[in-house]
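What follows is chain A paired twice: with chain B in the first complex and chain C in the second.
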Partner chain A sequence: MTDKILLLPIIIPLVSGAMVLLFSNRFRRAIEMISLLAASLSLLVSIRLFKENLSFSLPWLGQGLEFSLKLYHFSWFILLAIASFGFLIILYSILFMRNKAYLNQFYSYFLLTISFASGAVLADNLLIMLFFWEGLLLTLFGMIAIGNKNAFKTAIKAFIIVGITDLCMMAGIILTGHLAGTLAISKISLSLNGLGALAFIFLMIGAISKAGSMPFHTWIPDAAIDAPLPFMALVPAAFEKLLGIYFLTRISLDMFQLSPGSWVSVMLMAIGAITIVLAVMMALIQKDYKRLLSYHAISQVGYMILGIGTAVPVGIVGGLFHMINNALYKSGLFLSGGCVEKQTGSTDLRELGGIGTRMPVTFICFIITAVSISGVPPFNGFFSKELVYDGALERGWIFYAAALIGSFFTAASFLKLGHAAFLGKISEKNKGVKEAPFLMLAPMIVVTLLCVIFGLYNQLPLRHLIQPVLGGIRMEGHDFSGFPGNMKLVLATVAVLIAALLNHIWGVKTKGSGLKAVDHIHHAPILSGIYDRAEKRYFDPYDMGLKIADLAAKIAFRCDRAVDWLYDGLAVKVTFAFTRQIRKAHTGSYSAYLAWSLIGAILVAVFLIYST
Partner chain B sequence: MYSWFILFPLLSVIILNLPFRGMMNKIAIWYALALSIAQVYLVLFPVNIVMPFLQLNLNADIISRAVLLCIAIVLFVTILSAKYLIKKEDKLFNFVNLLFICLAGMNGVTLVTDIFSLYVFIEITAVASYTLISFYKDKDAFEAAFKYIMLSAMASAMMLAGIALIMLISGDTGFFAIREALKVSPHSSLIVFAIAIFICALFIKGGLMPFHGWLPDAYSAAPAPVSVLLAGVVTKTLGIYGLIRIMVSVIGFDGPLKQALLFIGALSIVVGALAALGQSDFKRMLAYSSISQVGYIIIGLGTGTALGIFGAVFHLFNHAIFKSSLFLNSAAVESRLGTRDMDKMNGLASKMPVTGITSVISCLSAAGLPPLAGFWSKLIIIVALWVSGYRVYAVVAIMASVITLAYFLSLQRRVFFGRIKEDSMNIKEAGIGLTLPAVILTAIIIGVGIAFPFLRDAIKF
Partner chain C sequence: MYMTQQSMLLCAVFVPVVGAFFLPIAGRISLKFRNLFALGLVLASFIFSMSLLPVALSGKSILIARQMGMGINLIFLADGLAVFMACVSSLISAIIILYSFGYISHYDNQNEYYSMVVLFLGSMMGLVFSANLILLYIFWEITAITSWRLIGFFREKEHVLRADKAFLVTFFGAVVMLIGFISIYQTTGTFDLTPGAISNIAVLLILAGILSKSATLPFHTWLPDAGVAPSPVTALLHAAILVKIGVYVFARIFIATFTVSAFWHTAVPIIAVVSAIVSGGAALVETDLKRLIAYSTISQIGFIFFGLAVGNTMAVAGGLLYILMHGFAKAGLFLCAGIIEQNTKIRDITKLGGLITTMPVTAMAFLLCSFSVMGIPPFGGFFSKYMVFSGAISSGQLWTSAAFLIAAVLTILYLFRVFNLVFLGEPKTSRAKEGSFIMVASVAILTALSLLGGIFINYPFNFVQTIVSNLSGIIR
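On to the complex of A and B.
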């Protein structure tokens, strides 16, 4: 096998993505066939490449720049995950997107996203990676923009937020290249002080923003409503987590030596903890299936960042394991949301309810993925969260506490979501709802099964995929697979879950419906004020930025007017004042002109005589 | 050979008026055209024809030749437009005769080597000009000609007095002799006074502020071909070339004199431009613009450096070209609309495209936009001012070109741009007699502007 095969995961979706764009929407079948074929080919190639150590290099653009790709134990499973999710969600999209507009654009961006994501994972040169990374920004914009009628505004928002953080990353790459003297990722090794720390922070901003962490998250809930659902299941739920956390891990472990004592580690943990708590609090009060999920997509990133930020093996392993688990159950949840949307035509929880018996497969899948995300044993989320808890507790109880609070609210909000959507009274409109078609159920079932397998047989992912990433030396001979060793933590988790359940039961009993089960938290004295402001986007950095930009534009406009007035007003007025005086002086009388000439001549003569 | 430049036009007048006038009537205009073309040719490619009789004491350096070229080109376009505008044959015949006298006078001014001959030729040209201005015998023209005569009379008196005083010291009127004599006693106040009044007389002839009173009336009231001739070459040759010649060949540059030139030049630039801004009469605006542009020539001269003088002569040439072109445009508009009031015009470019385009190019050249000819001469003048240390004047010159652009754009906007008025819907482009000369001049503007870097090497100043 030649090394050129490394190009296939990039080229197959790239070419087919371009090809799809050639077809008009009338050739729906051709578009679907090409997309599905490309996705399955990518998947086959990724499976073939699994466990291969390869590198590929080609001189590029001159200047000693190398188009270098590298496949090793970390990129194996990320590449495989990308190809698998791509395949499953394309399968799902075929029915879901059938009657939507912009079909060719959707599939084209979808395939290009797969291509760029594979490229970013494989790249062994920061500049090459940046190239693919920025390509993802374009497809991100495109995929959001083809959504509903508000989508374009949301796409702009996403583009600006991600674009700015990508600029930070670009600065970080320049700085890193300057400090290390090379852009080859595998050759960079920097310490975290002075400019090195600055470079790390810039790169980290790029990474965690891609993963959707706070404060770069605000476009995700908007996109959840406006963008096509498969996009949500693919990009914010799976790809962005995979890529962002992959890159964060690479910069923390390979390029910079992140040690538990450093302030950067504390900063990462703080970002993680804050993201967990704030995002899940927002998720709690949402009244829309997809929007609720999108806040969880943000919140869960917090666990990963917290885990990696601990810089201790158990935390890092937990963070990475959580990354893959989250990709599974979060895309599963979004897919279930898609099934509900497809069958009932709505994702507003106020219009749903009682459809659990009519859509049993969807409901079961939802239950399993929901308990996974809530961290109920023995599903996969439980194991990865326990590892993160373990790491967090090692670094400080406050981080553990934040993670635990997050767990409580996660469980509470999913109890609310499940209750409001699937149980309770069914509305008249939804009486005739049937189960989703098999083609849409299949991807969801696969993902759900994987959640169960990764939980029950967690040795499989941990031993074969994740622990090798850290390498034998860093692992110090530990093996984190199997049931958690620290029983106290498990008990605490179970206690929190039971508390969430009791809270839900109490909420339902007092307020009378599943939808309102958490209203006592929503309308709690201090919280309600904060919630109101958050819902009005007072805390959205993008809106704040817009306000500042607006103010700056107003000031610049005033300055511009002032300068205009200086030229168009004052200068013209002064000039014409002179002009009027000159016109007045020209009376047309020749005697006056003679006098001027005479006076002029006398002045010239006097001047010349006196100055010589 | 240069004697021919003076004698031939004079002889032509005599020959044209010999008994067989009837035949001459028809060919006079073509004869004049041929003569102007011959002058262009002879200036560019000098031929040494030895005169068998009447050896005049003449000399032509590069400055004289540049002015001779201007005279020939402007004369050519004047004759073309006169052919078109003056319909009566005997009127045209008279016109051509006056042009010949003018031509002889102007060629004389550019070629003579003593100040008395200079005075005589200036008077010859001036007398012909008075008649030309009042050619149609209308009231405005008489008033204008009268003002011109009154101020010229004052100039003549001052010039003669100056010559007399200079004669007292030098005993000769030749440039070289006076120059030598001035070197002996340069700073006696009598000499300075003589120089002062002589120069002021030339200021009057050249129409500089504040000696310009006659100029706007004369330019605007004169018949269109005469305006072209007056603005293009007459005042430039009599006043400005005379001044350049006297400064370069006779007096030389010393501090106070340069200061006086620079000040008068800057005053003319600024006040002329501001006054032009306030005009609504097409030709009056051009007249004030002439005052302003002449100011540039004078401050270029005022630097006293070779670069400055080169810039001044080059700008003189450019001004002759673009101002003639603009006066032709004004004639074209006036001939179609019957008015010179710019407030009564609008959007004429759609009906008179050739006139519109040539006027835009001429205006832009006057405002000094690259790559047109006017840009280079202004640039050279400003650079000369800067390197000679007259930075304030350089800044004034630059700022004033903004006003220049302002009034020319206002002219364009009022006359040629915009939507055409109802009552001028049916007008047509002016005849070939007005458009062809304008096109020729515009071609010169563009050609000189683009080819300037090559010309600069070709002309050894």
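On to the complex of A and C.
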């Protein structure tokens, strides 16, 4: 097999994405067929490429800038995951997007996203990676912008947040290239001190921002409402986690040697822990299916960052395992939300309720994915969370406590979501609701089954996909597959889950409905005030940043006006004052003029004499 | 017909310079003929410049020299740097003239317009190929006179005052620069561009001229004021000719010819970064569409100076590439602004809104050109920005690079602010229609060039690499 085949995962969706854009929306079938064909071809190629070690290099710009791609044991499964999610969600979109506007743009951006994401994963040169990575900014912008009528503003918000962190990433890449003397990822090995630490932090900002961690997260809940749903299932739920965590792992393990003792490791864990707790607290009080899920998309990334930040094998394996698990159940959850939206026309929990019996398949898929995300054994989320807990506890009880608190609220909010959406009384409007069509159910069923398989047979992903990433030396002969070794941790988890269930039952009993089951937390003293302000966006770092930028801009503008005054004010005044004085000399008197001329002549004569 | 390369060089300069004076006559024959004639002159200049490309790419150069008195020799030199700049300027000018067919047809004094624009471009071509300081100065001042005429084109009192301001500031700078040239003459005994070291005083004086022409702090405020000019003229000023003169002459004098003391490799980046941040901030506050884009130009020129002044191979190449990419994108932005201004008669962005529904092509072009200015792949601006930063960091300019990162953030913010206010939200004006076909087409061409410049980056990249490697005897 020639190594040119490495170009295919990039080129197939790229070309078809460009092609789709040429069709007008009237050729719906052509657009759908091309997209589906391209996605299935990409999937076939990625399956074919699985377990192949290849590298490809093309002279490109000189100066050591080569178009080099590399496929190895880490990129195998990320590439495969990208292609699989791409395929499944395109399949889902065909019915979901059918009557929506901007169909050609949607599929085009979709395919380009697959192409750029594959490119970023395959790239073995940091500049190439940055090229694809930042290219994703455009498709992100496009996919959000074609949503509802507020979507453009949300798209701009997303673009600005991610664009600024991408600039940080660029700075990090340049610094890394400068320190290492090369941009070839596989040749970089730097230590974490001085400028190296600065480079790492810049790269890390790029990575965790892509993954959707706090404080770079605030566009995600907005996009959940404004952007088309398949986008949410594809990008924030799956691709961004895959890419962000993939890159975070690469910089932590390959390019820089992150050790458990370093302050960078503590910083990562702190970011992870804070993200877990704050985002899940926000998720808890949401009253919209999609918005609630989007906060979980943020919260879950905290577990991954926490896991990798621990810098101990069990934590890193847990973080990576959680990345793939999260991609599965989170896109599954979003897809279930899409089925509900398609069939009922709403995702507002106040209008839903009681549709579980009318949409049984969706409901079952929801239950399985929801218990997976809550970390209930024996589903996949349980196993990866246990590994993260184990790693966190090894580094400090406070991180473990944060993770455990996160678990409690995750379980509580999914009990609320499921109860409010699928159980309870059905509204008059939803009496005629039917199950979603098979084409939309199928992708959801597939990811749900994978959640079960990755839980029951966790040896499969752990032994074949994730543990090889760390390599034999770093693993120190451990094998983390199978049932968790530390029974105390398992018991603690089970206790927390039971507490969440009791909390829910108590909430329902006192407040009377599933939707209000967590109101006693929402309206608790102190918390309610914080919640109010958070809902009014007082804590949005994006808004705060814009305010600071505005202030700085006003100062700059005043400086600019001050400089302008030098020309329009001062220079004019000086000139007029000067000419007023000169004018006084022009009296019209011949004798005075003669005297001036004489003085001038003498000066010239003196100059001539002395200069020679 | 066989032409020597020397005569091609002369044609590239003098076809537009001489042709400009025949345009008013052509206008008497037929308006359409005159328009096409003007476009033909600029295109001819572009084609002649392109024909010099093979020589320039091979690292050789073409020289024409006539000895005259008093050190003022007629010397034209076509090396990589000159040919690159000539091609960029004439290509963008040609597209702007195409756009003018639609834009200027509504106004009086079209003969004057076309002849001034063509003369403007012609003197730019003369300037880039000049290898004698006095010859360069002469062309420099012709551009000042033509731009003065073009900025005050609508002849309103305020516009004329603004044109005077632009002229006075740049003229002041040019005279200071001339003194600098004379001081060089005193040390080297020639006005011809011959390598050697020059004194700090000469550098300072010449720098004043360059900064005033390229609208950099503290000589920059004439550029936003010049926004009263017709939109194609502002596009010319910002993207193709006027402000690019300063950066070109900087490259020509301080990088390609003379050696300057290391102090300037630190001082110029600081001037550039202050300029970039102050104007970037001003762009975030300004509400007049064209003034705002003018501030954006000042900010971006800071990046170009940064790349050129840092002085290592990567950064200089990045700076040159920046000239090209910024040229396409900024011309595109101004021409979009022209369409908006002409069809709504409003330039205050707070009074505009919702234009994306009625002007979809303009909106898309504006957005895509903005992406290029911000430096988002796959647009060309990405690579130029990356190279400038990369070169700067590898020569140890950490703090200035960090400050430029702030300028880059401001770029994203102010461009989205404009897009948001002008194209999104509820329409606040009566239904504005899309621009005429030819105007929209020229904007689309520039957008496409921005995109193609990024996708096929290896061609311009290799070109600037060749240029820089031929300059590398001088670069540190």
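One rule holds for everything that comes next: the second predicted complex is superposed on the first by the 549 of 612 C-alpha atoms of A that agree within 3 Å, B and C clash if a C-alpha of one lies under 4 Å from a C-alpha of the other, contacts with A are read in each partner's own complex, and residues count from 1 in each chain.
As a working rule, a residue touches a chain if its C-beta (ideal position, glycine included) is under 8 Å from a C-beta of that chain, and two chains touch if they have at least 3 such contacts.
Source: prediction; values computed, not measured.
So, does A:580 touch the first partner chain B, the second partner chain C, both, or neither?
A:580: touches chain B, not chain C.
Which partner does A:601 contact after superposing on A: first (chain B), second (chain C), both, neither?
first
Classify the contacts of A:452 with the two partner chains as first (chain B alone), second (chain C alone), both, or neither.
Touch status of A:452: no partner.
Once the structures are superposed on A, label A:592 by its partner contacts, choosing first (chain B), second (chain C), both or neither.
In the superposition, A:592 touches chain B alone.
Given the touch rule stated above, what does A:163 touch, chain B (first), chain C (second), both, or neither?
second
Between chain C and chain B, which one touches more residues of chain A when both complexes sit on the common chain A?
So, of the two partners, C touches more residues of chain A.
Which partner does A:492 reach: the first (chain B), the second (chain C), both, or neither?
neither
Quick check for you: in the superposed arrangement, does A:564 touch first (chain B), second (chain C), both or neither?
The answer is second: A:564 touches chain C but not chain B.
Taking the superposition as given, does A:609 touch the first partner, chain B, the second, chain C, both, or neither?
first
Where on chain C does chain A make contact in their complex?
Of all residues in chain C, those touching chain A are 165, 169, 217-218, 220-222, 277-286, 295, 314, 356, 371, 374, 376-378, 382, 385-386, 389-390, 393-394, 401-402, 405, 408-410, 412-414, 416, 419-420, 424, 457-458, 461-462, 465.
Quick one: in the complex, what on chain A touches chain B?
By the definition above, chain A touches chain B via 575-576, 578-580, 582-583, 586, 588, 590, 592-594, 596-601, 604-605, 607-609, 611-612.
Touching residues of chain A toward chain C in the complex: what are they?
These residues of chain A touch chain C: 60-63, 127, 130-132, 134-135, 137-138, 152-153, 156, 159-160, 163-164, 167-168, 170-171, 174-175, 177-178, 546, 549-550, 552-557, 559-560, 563-564, 566-568.
Considering only the defined contacts, which chain B positions touch chain A in the complex?
146-147, 150-151, 154, 158, 186-187, 189, 192-193, 195-197, 199-200, 203-204, 210-214, 216-217, 254-257, 259-260, 264, 271, 274-275, 277-278, 403, 406
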